[in-house]
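Should a chain be cited, it is by its letter among A, B, C and D, assigned in written order, with residues numbered from 1 in that chain.
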Amino acid sequence: MIIVLKNNKSEKEIGAFKEYLEQKYNVGVHVSVGHDSVVLGLIGDTSAVDEDSIRAQEIVGEVKRVGEPYKKANRKFHPDDTVIILGNGLKIGDGSLTLIAGPCSVESEEQVTEVAIEVEKSGAVILRGGAFKPRTSPYAFQGMGADGLDLLKKARAKTGLPIISEVMSSSQIELFDDVDIIQVGARNMQNFELLKALGKQPKPIMLKRGLSSTIEELLMSAEYIMASGNEQVILCERGIRTFETKTRNTLDISAIPILKKLSHLPVFIDPSHASGLPWLVEPLSMAAVAAGADGLIIEVHNNPAKALCDGAQSLTPEMFDSVVKNIKKVADSVGKKL
Amino acid sequence: MIIVLKNNKSEKEIGAFKEYLEQKYNVGVHVSVGHDSVVLGLIGDTSAVDEDSIRAQEIVGEVKRVGEPYKKANRKFHPDDTVIILGNGLKIGDGSLTLIAGPCSVESEEQVTEVAIEVEKSGAVILRGGAFKPRTSPYAFQGMGADGLDLLKKARAKTGLPIISEVMSSSQIELFDDVDIIQVGARNMQNFELLKALGKQPKPIMLKRGLSSTIEELLMSAEYIMASGNEQVILCERGIRTFETKTRNTLDISAIPILKKLSHLPVFIDPSHASGLPWLVEPLSMAAVAAGADGLIIEVHNNPAKALCDGAQSLTPEMFDSVVKNIKKVADSVGKKL
Amino acid sequence: MIIVLKNNKSEKEIGAFKEYLEQKYNVGVHVSVGHDSVVLGLIGDTSAVDEDSIRAQEIVGEVKRVGEPYKKANRKFHPDDTVIILGNGLKIGDGSLTLIAGPCSVESEEQVTEVAIEVEKSGAVILRGGAFKPRTSPYAFQGMGADGLDLLKKARAKTGLPIISEVMSSSQIELFDDVDIIQVGARNMQNFELLKALGKQPKPIMLKRGLSSTIEELLMSAEYIMASGNEQVILCERGIRTFETKTRNTLDISAIPILKKLSHLPVFIDPSHASGLPWLVEPLSMAAVAAGADGLIIEVHNNPAKALCDGAQSLTPEMFDSVVKNIKKVADSVGKKL
Amino acid sequence: MIIVLKNNKSEKEIGAFKEYLEQKYNVGVHVSVGHDSVVLGLIGDTSAVDEDSIRAQEIVGEVKRVGEPYKKANRKFHPDDTVIILGNGLKIGDGSLTLIAGPCSVESEEQVTEVAIEVEKSGAVILRGGAFKPRTSPYAFQGMGADGLDLLKKARAKTGLPIISEVMSSSQIELFDDVDIIQVGARNMQNFELLKALGKQPKPIMLKRGLSSTIEELLMSAEYIMASGNEQVILCERGIRTFETKTRNTLDISAIPILKKLSHLPVFIDPSHASGLPWLVEPLSMAAVAAGADGLIIEVHNNPAKALCDGAQSLTPEMFDSVVKNIKKVADSVGKKL
């Protein structure tokens, strides 16, 4: 961390500030006296140094963090890709492309099982399905809850597909005991109490980027989970909020190579939520694979028009099958196994 | 709600869709056959009608909601301003200007009591102080927790000021039994499980707008609390995320008159978080009052440079005193009592 | 266009408004009287109907445009892809992938010729080079001007590559007489006087999307050029402005399939300006090709560190050669010839 | 400017880079060798140093500009407020509040004269009126052109009000010979050729902030005009583009105090374009005055429903009169004369 002091500070003031930094944060401080400014360089582990608090000091002009504020999620300290292995032996982040598919909401045993059978045929290796649904309106369908999780498990029993579902509160976590991957939705990306609780779970967590969260904030939220003990984190970009209105959100495709460079964690893309439009799922999926994504999570419903939630963005099983064929071509071209 | 159908649909298809809408949502449907498009008008309570689900129907071209999707927060159905009365008789939203002030984080009995005494002298009528702190980094100070709430209560005992503090999870709510107002932070604005739980509390909730949440989403989150039974909601704008970098966030000043028009709930502004810069608190506060805000929530610390969190944006008690004097001038000019 | 009237308007008022619309805009108006609202449907060519002006009428509640406000750029009225043919017979938008490469700024004959020879070897078919440079600072290098265009022509003479360069004002257009494609930069996307003047040019125009322009606004700017008589327009997405700071701009990858659906014009991507980072050019280019782009425009400099402008985002010729090899793999997989 | 070098660079490399900087930019370079990083401090005038070009150097890790890149617009080098004096003696930026009002577009002699007479009565001291209109659609009314300017002059003759109108291209400038203030619209804020040409005009220029331009970019565009010789620049904030949809743009109220701090130029607000809604003009104007604006520019039309452009956001003269009364109260409270 580089701190530029305001002009015209006395040696005594500078010395006192140097001592304060050394003691408060247990770091070394290198003082460099320039022509018209004094620059301090902080040496050592500065991840706990609060930029805002430094900035509040009367003596300080500018602050610039040189290193990253995350450690466990940082590729610098963990150069190899993290590979996550599920109970059935499925590997995520090992250079293959992982397809997750399923309905937005679990609605009935028939629905989820039928979709599971179909998407597996097309190439999906994990089944998604919402049991607890974060809905903008309190009057909208809020999901089947624990019953929905049971139906997902039945579909897993039938197909062998591991399951992923979203948790909305730490009080729900125990219901997810037998769920293979727990998802944190975009709206909860900075629900820090939830992140800490998930850090104590012995299973992978898929962490979705918040609608207005920066890439660095996403990594800091991953750090919350990892610092609490759980290093099996999957990052997921699902669109950010911009002024453009043709799509529900704007897929930040650059997030893929940037996250892969800064972190060792697997990076997934959710083209269904990013666009909100079923016909965009194919080109966005193909782009994501070309840009280096480790996996995709796609909404598939056997009857989108009757879906209780977000049907507008779901593919039918037939559409999904066709999309996977085109995804496969791109995956082949970049050396990713599907 | 207006639904424009795609061209060239048969009468039979249109009739079937009309029936489907009537049955599924218990609304009336008025069909209007134009020259080259058919438009359906939904009549009755459409707040539970899911636009996305409508949009997913093959027959549908465009959907436009004409009414608002919120009811309890809607001024249409509750023309009079909501006035909230605290235990000590203090009224919020009654045409006066309510000043809330205090430290970002509670750090010690001495700190919070000293600040409380000072801000009361200057005109604050409620004491704020963070006990549970939502921090981007897991390595940053996370607040004193329950002990912090106890210190706030001690400061209340000394000054008589009611207290407000932020809750971060439904599991913490019982600790807030003796807190006068519970605050929901911007990052939790769409933590729907928390909102539902707060809807069962017998006390006012201050709901902060999320960094990338629309005004309508803020009102929908208020609706969550109200639909669960608690109609004492205070809305708080605290800056949204844009491309501008001179300020931490961009204060959306227009949100004040818009929220006052759409809703009957009191509207507060947090100029400290909106800007992240202490010298901007004064002009933003003055602007907020001129635009019709019912109250302000301002960070004041007796030693900003030593604050454990967000010191950079805190005023000293002396600065606060001076800011209040200027706020008062504007308040007088628009007929608000301080 | 659908207009929802305010409630409780008399038949006379409605009739008068209907007549006003019919006369002012030469459209048919279909009136549909619902239970609690009256909806007007405008029939005919509504592209000249000004939504704002309609919205200003006291009688109007809501306005929704159903059709698109652009005609010549609209695929509905021109289902086949526009194919642009340059003087040397090169086709753009015919299903092949067109690579444009070259330096940000033309700096010397040696520089631009050397880069031209190198990028041609790697697969570029058009040479880019800035002669007039839009720089944020008046103190930064503003380009070589007319001399720069001359050097570009010399490089064309040596390599046979057609050339593209940016115009910044209608008074400069005559200098571009012998330039193959004229580029309009993002900052000039809504310089309507310039667009009208370019509409009278007998050559292709590459129109870059403004940093905060919507997809519809980009198409409306294309419409300006086309309505003035020049239908050879190439659209170019080059990143939009968001809150994310890791990249200079956020590449809106969804813009590719959306523009291809809404319009028949060729769609290019500028990964160099979108990211501002040379190492991101490869993954973004690959993503763009997978998403259906018709071409790419990439900055290549033989000595990025000494570039007079934007060197930070330029590839070296060696890097470009390697990037093209990976682009080619993706292009092959989606059936695009390079 | 502070440059942090990459680790493990040799003394020789560092020395060579130091020399390169000194020679290329004519600055002093102070080298400070820290524990694990080397930091260079540039001393002298760094406004011409291109950050991007520095960043492109292989040896460079990070770059941080400490000073501002603008000089003539910078309050540091010009501590006193710029006061602009019009031909009739009217002062702008002298601590008073300047009200500009008039129609979006000039439509007829009767219209503009009538509006001029009315707004003058209410307190406006300058008449606005668009002759050349930047419209998103080529099919929308493009303004009366030179004839519109003539009608403005007639209204000036009748009322004595100085006039302001928007120029869209440098080729139009000669038509503005007898116009008192020339306005640059938001879409042309970075039309650098136009800015340079206006820098040679002997009259005040009102420069509107671009929809996605930062505060620093606005000041850099002012710098273009000033560096070309014209220091009479008025800055105008008119809303930026965000995700919020209730208003056409989001008024960045913080821009007022920030611009006043960074620059000595007068700062105006355009509440009509910022919101796009007439009923928001009053609260936004009051907020702007409370936050320290030097002036307001407001759209007033004698028949908004028949306005040929942007009628939806115009006030009637009666509404304007009432708005001014409320603005006056706030202005009084902050010591601004109207």
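Before moving on, here are some points about what is shown:
The rule we apply is simple: a contact is a pair of C-beta atoms (placed from the backbone, for glycine too) under 8 Å apart; a residue touches a chain by one contact, two chains touch by 3 or more.
All figures in this text were calculated on a predicted structure; none of them were measured in a lab.
Of all chains, C has its CA centroid at the greatest distance from the CA centroid of chain B. More C-beta pairs in contact connect the chains of A-B than those of the other pair, out of B-C and A-B.
In this assembly, the C-alpha centroid of chain B lies 32 Å from the C-alpha centroid of chain D.
Distance from the chain A centre to the chain B centre is 26 Å, each centre being the mean of its Cα atoms. In whole angstrom, the spacing between the mean C-alpha positions of chain B and chain C is 40.
The set of chain C residues that touch two or more partner chains comprises 212, 241-243, 245. Viewed as a network of touching protein chains, the structure reduces to a complete graph with every chain in contact with every other.
Listing the residues of chain C that touch chain B in their complex gives 2, 4, 28, 30, 32, 34-37, 39, 41, 43, 61-62, 64, 66, 212, 241-243, 245. The touching residues of chain A, counted against chain B in their complex, run 47-48, 50, 52-53, 55-58, 69-70, 134-142, 168-172, 187-188, 190-194, 196, 210-212, 217, 220, 223-224, 227-228, 241, 276, 304-305, 307-314. Touching chain A in their complex are the following residues of chain C: 212, 214-216, 240, 242-247, 250-254, 256-258, 261, 274-275, 279-280, 283-284, 286-292, 326, 329-330, 332-334.
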